[in-house]
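Consider the two complexes below, in which chain A is the common component and chain B and chain C are the respective partners.
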Partner chain A sequence: MTRKAQARLGVLLVVPLLLLVGIFLVFPMINAVYYVFVDFNGINPAPPWVGLANFTELAQDPDVWAAFSNNIIWIVLGTVGPIVLGLALALLLWHVERGSVFYRVAFFLPYILPQVAVGVVWGWIYEPSRGWLNKVLETVGLGGLTTGWLGNPDTALYAVLATAVWVTLGFVFVILLSALKGVDMDIVDAARLDGANGWQRLVHIVLPQIMPVFLMVTTITLLGGFSVFDIIFVMTGGGPAGASEVLGTLAYSSAFQLNRISYGTALALVITLLAIPFAVWLNRLQRRVSLEGTS
Partner chain B sequence: MAATTTTPAPARTAPLQAELTPRARARLAGKHALLIALSLLMLFPLVLTISTAFKTEQDVQVNPFGLFSSFSTENIVTAWTVGGFGGYVLNSLLLTVPSTLIVLALSTMGGYAFARLPFPGRDLAFYVVVVGLLVPFFTYMIPLYFQLRGMGMLDSLVGVNLVLASTGVSFGTFFMRAFFSDLPVELAQAARMDGASEWQIFTRVMLPLVTSGMGALAVFTFLQNWNNFLVPLIYMPGGDYRPLTTGLYLFLGGRSIDIGPLAAGTLITILPVVVLFVALQKQVTQGLVSGAVKG
Partner chain C sequence: MRTSLTRAAVVAAACLLAAACTGTTAPADDGDSGGDGAQSLRYLIEEQEDAEANKELEKHLGEFTQETGIEVELETLPLDAMRTVLQTQLRSGEGPDVFAWGSGPSFGGALAEAGLVKDLTAAYEENDWQVYDFAKERVTVDGKVYGLPGEAETIGLFYNKDIFAELGLEEPKSLEDLQAASEAVKAAGKTPMAVGNKEGWEGGHLLSMALSSAVGGEGMQALLDGEKSWTSPEVVQALTLWQDFNKKGYLPKSPTSVDYDTSTSLFYSGEAAMIPTGSWLVAEIEDNTDFEVGYIPFPGPDGPGIFTGGLGSGPYVSATTKNEEEAIQFIDFLASPEHGKWVVENLATIPPMEVETEGLDVSPLFKQVLEDTAELSSGGDFGLNIDVLVSDAFNEAMWDGVQGVLTGQRTPQEVAQALEAEQA
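Now for the complex of A and B:
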């Protein structure tokens, strides 16, 4: 009797959720798989079947490889940067009590801002003639380094990347700081008494204790690097001349500016396929972390 | 919540200032000096936005990025009226509030069913829902455009709210399920003994116990949807209900030389987010940290 009533309510509670997910997530996903095997231009109701042609074209497209290598740069620097800086900040704030709320707000705030707004303001900082970055460089005698950061093909990607690091490091910082609060201080103190220096204590005592969380936040940041879009789209639009193009911006412009719907979908699908191994790994890690938490 | 990071071991209380040796005190002062300098560096773009937004028109033309060299509210007025940001604020609310409520309702209902109400096919249903955590929005955003076009849901409040909700329910269901799983089973059994129906157990016994989780999810989802750029960019091509994010992008493209009103528009875009975050920073960071660990 109870079981039946439970099952009935269970189904009732889940139906609206399944409807929403089915219509707006699963259905377009299945459609995506169909799109990549045809040549759809957005208009023809019965697009011709082309098999793997979209993928073979993609593999030979120099723009795709350029975008892909930008993604790799983004994934490596956009992960290492926030992790190193976020960890350093978390260690710095670890035992500070006074003012810790203010510091936490200051470091985390960039992460919750809309990236369009972030892009606008950093665009001003990078402005060639009046921007703060060039002004500061001139003031400290590094005037030779000044450039139009977003307009120069050599610097555009890295300038946007620096902004992304500024955005992401607060996220890494907050998660690592809360992991640090769970570190067993008795072991750290014992190591100190045994003569371990700060670096040794960090590498041999502290890091192993926060390793699951550390790996998890690394993977989350890394995964973000595959589907980066907003900030590049707003700050450079992938330019100048494709210098900061990534797979995400390329997929968007193929589909919505060049009406190459199938090609754009194939590109987007490639992003997913590349990211899935990391996503699965993240999922395993998270299960491990939450199991440790509940035990 | 039993995640590792949300229940830190009792942190060692910092020794009182008076007990510190002069050397330790100097170190602490140095730490604070460094932390304050870094905080200001992190907050600088925000300061720059406020400074430029409140300049007089003359001052913006000569010296747009000099800090606080004049004061006027004319840029705010221009952005709000001529720039259309007043309307964008309303549209952002129309897109964010309903979609957040949908996520909250469906995730709580689904989370409870998946945690506590066994029914045939439950595991399969759960996998279908959480597949959204593994597959990025990119994969299916292009087919979804044509699907919405076919359904007559482009440029529609209903359509875009449902899409925004669908991007949030996978995480939300996962998140709420964890909260319900942590509640003791005996509670429901006791209520059942007293003759409560399954519906009453859900609404009167269980729901009140997960309000903190619902609060965290609400804030998190609100921020996510408020900041969302790609969904309105793609699915609101006509711009009838353009929210702040794409509104700011449009303004940037059309009138990027009007730095004063642009700064004011940026400020209007980020202000609700900043206020919400500063007021609820504990919920936001905790929800996010436990979400990252558990979800």
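Now for the complex of A and C:
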């Protein structure tokens, strides 16, 4: 095949994807940018131009700030939780040979379950009178701690977060475990002979070797914290009275429940804009670490 | 390379997120909006809770086809999906010919104002469609009638007659009676009232019934018309009532954690003695209980109170339909007394017109509900279900507000002020 024919084939193969990207990504994107500058209610075919009004309203909306602070809680705990627990679990099972497939499957399973199903089932677990969480607490003499987990404004966000950590944990665990399998054991053994304790070996020998993977996992979980929507929507709908609202659920309710499509779109754009610097920063860090590792 | 890939991924995610909120995807449409002489109509309705009801309805629509030769393709969508898709479909001209949608300003009224539904005023006169006046008003915008009102619904208090008899309790005739009955039920180790408010919308019904029984039909109308302030003492008292009932343990523990289905199952299982909800539950109550059930208005401060009335979804004709004549014929079928009787006997819902209850094959509980509705419609006082008569923003303030009152996040006064702000 000549170089020209090869190039032609290449173009031909790329065209369908380009079309799809154009129709489903580029066009809606341009469309979305238009919608944030008008006041579209889902009905009016010629919505009035409002300039930056959606953004100024957003900056002054106390609901947005409350939702944003819930996002921050979600980003911090929803990243630290699964990373710490997943790493601990991976280290525990690092050298376990017997039943390792079982452990990997068991912990990974929640990650591949539909979030809606997970949300519904955990909703039953948290149910105040019939759910087993309260029943277990009562059985072990901790009846004083029982509450309506998803309907109590003090616990709703954390109860959903705990479910999300349970889901993400398996993903972090499986990825880190496979990274650990690639760690050079000679260096670890050498450090042990030189008198390094477990913590020192982890921080100075093991973690640096798995750092690129570790940062990749952190990037994925952290960015997920910005766009979180489904599990909260299913479990609490952002309630009670907005107590577990995040920017994603607020964008949804503005756009589709209050028919303020433009305001919801503006919120969605803000979520994306907030996430980009983190994505770029973590990616650069990951690239630097990878390059250091190869030099 | 990897950086640019990530950037591309981030930009792609941005597009998706933003696009997700614009809702401008073309409607999925495999049907044919007619005009080809095939004499078929597309009829879109909300997905029904009972799958059997759909089959029954399809069978019933077959009778219309037999009579007229017009095929009706029944399509269903979940309510939430319908909210987002319906307007796009109607606007694109690819929508259904006839569709069922809420009867009230924020539902059908909004579509009428946007010019998306046909004016049926003349068709009403030509075909002499007889519906309750109060129901017709809800589908009238600027003097023009745009649809057939949906099924009539009342909201009140169902109670387990067996538990009441066991505890020697009478039917509550005032708030004082209701509190005394609740205390007795609580002392017997049961939950007095099965209230679930996890979804939020239940809060609108809780407020509607307590408030309607306190201020009456006229008072409710004055509130909704903006002639009476939502910060009035009666509104604050109605909100405080639910706060107190919760504090006193008359409701299940943490009602904002209990969803509607769980609340109804608490009542069916006999764990709760009463459930404040609407007449739409009658069929399910009869299927799921083996005890006798009574249905009364939610008691008022000075007496037995009044039922709260509301309307469900009724048929509208799309403004862009190419089958107007057939669509009107179909509406004529849906407005007929025979269809009304069929609805009563098969769906256990109340049509928006008078139905002769003599000789009907229905349960005593449903018969009572039917008679109550007919009585209300012939001049009796009835309250108003707030959520179908107000804006979405008001509803959100009300739903969040009642949840907030039950969890202690907000005071009744704060909620009343938020409602007044939305009314303005």
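Here is the rule we use: the second predicted complex is superposed on the first by the 279 of 295 C-alpha atoms of A that agree within 3 Å, B and C clash if a C-alpha of one lies under 4 Å from a C-alpha of the other, contacts with A are read in each partner's own complex, and residues count from 1 in each chain.
Keep in mind that, in the parts below, a residue touches a chain if its C-beta (ideal position, glycine included) is under 8 Å from a C-beta of that chain, and two chains touch if they have at least 3 such contacts.
All values reported here derive from a predicted model rather than from experimental measurement.
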First (chain B), second (chain C), both or neither touched by A:276: both
First, second, both or neither for A:239, with chain B first and chain C second: second
Contacts of A:152 with chain B and chain C, given as first, second, both or neither: second
First, second, both or neither for A:89, with chain B first and chain C second: first
First, second, both or neither for A:258, with chain B first and chain C second: second
Which of chain B and chain C A:26 touches, first, second, both or neither: both
Partner chain in contact with A:200 - chain B first, chain C second, else both or neither: neither
First (chain B), second (chain C), both or neither touched by A:209: neither
Touched partner set for A:105, first chain B, second chain C, both or neither: first
When both partners are placed on the shared chain, which of chain B and chain C touches more of chain A: B
Contact residues of chain A, present in both the chain B and the chain C interface: 24-26, 28-29, 31-32, 35, 42, 127, 130, 227, 251, 255-256, 261, 264-265, 268-269, 271-272, 275-276, 279-280, 283, 286
Chain A residues within the chain B interface of the complex: 2-3, 5-11, 13-14, 16-18, 20-29, 31-32, 34-35, 42, 89, 92-93, 95-99, 101-110, 112-122, 124-125, 127, 130-132, 166, 170-171, 174-175, 178-179, 181-182, 184-185, 213, 216-217, 220, 226-227, 229-230, 233-234, 248, 251, 255-256, 261, 264-265, 268-269, 271-272, 275-276, 279-280, 283, 286, 289-290, 292-294
Sites on chain C touched by chain A in the complex: 2-3, 6-7, 9-10, 12-24, 80, 83-84, 87, 91, 110-111, 114, 116, 197-200, 252-259, 262, 266, 392-393, 396, 400-401, 403-404, 406-410
Residues of chain A that touch chain C when the two form their complex: 24-26, 28-29, 31-33, 35, 42-45, 123, 126-130, 147-153, 223, 227, 236-237, 239-243, 251-253, 255-259, 261, 264-265, 267-269, 271-273, 275-276, 279-280, 283-284, 286-287
Contact set on chain B toward chain A in their complex: 2-9, 11-14, 28, 31-32, 34-35, 38-40, 42-46, 48-49, 52, 63-65, 102, 106-107, 109-110, 112-114, 116-120, 122, 125, 128-129, 131-147, 162-163, 165-166, 169-170, 173, 178, 182, 192, 197-199, 202, 223, 226-227, 229-230, 234, 244-246, 248-249, 252, 259, 262, 266, 269-270, 273-274, 277-278, 281, 284-285, 288-289, 292-295
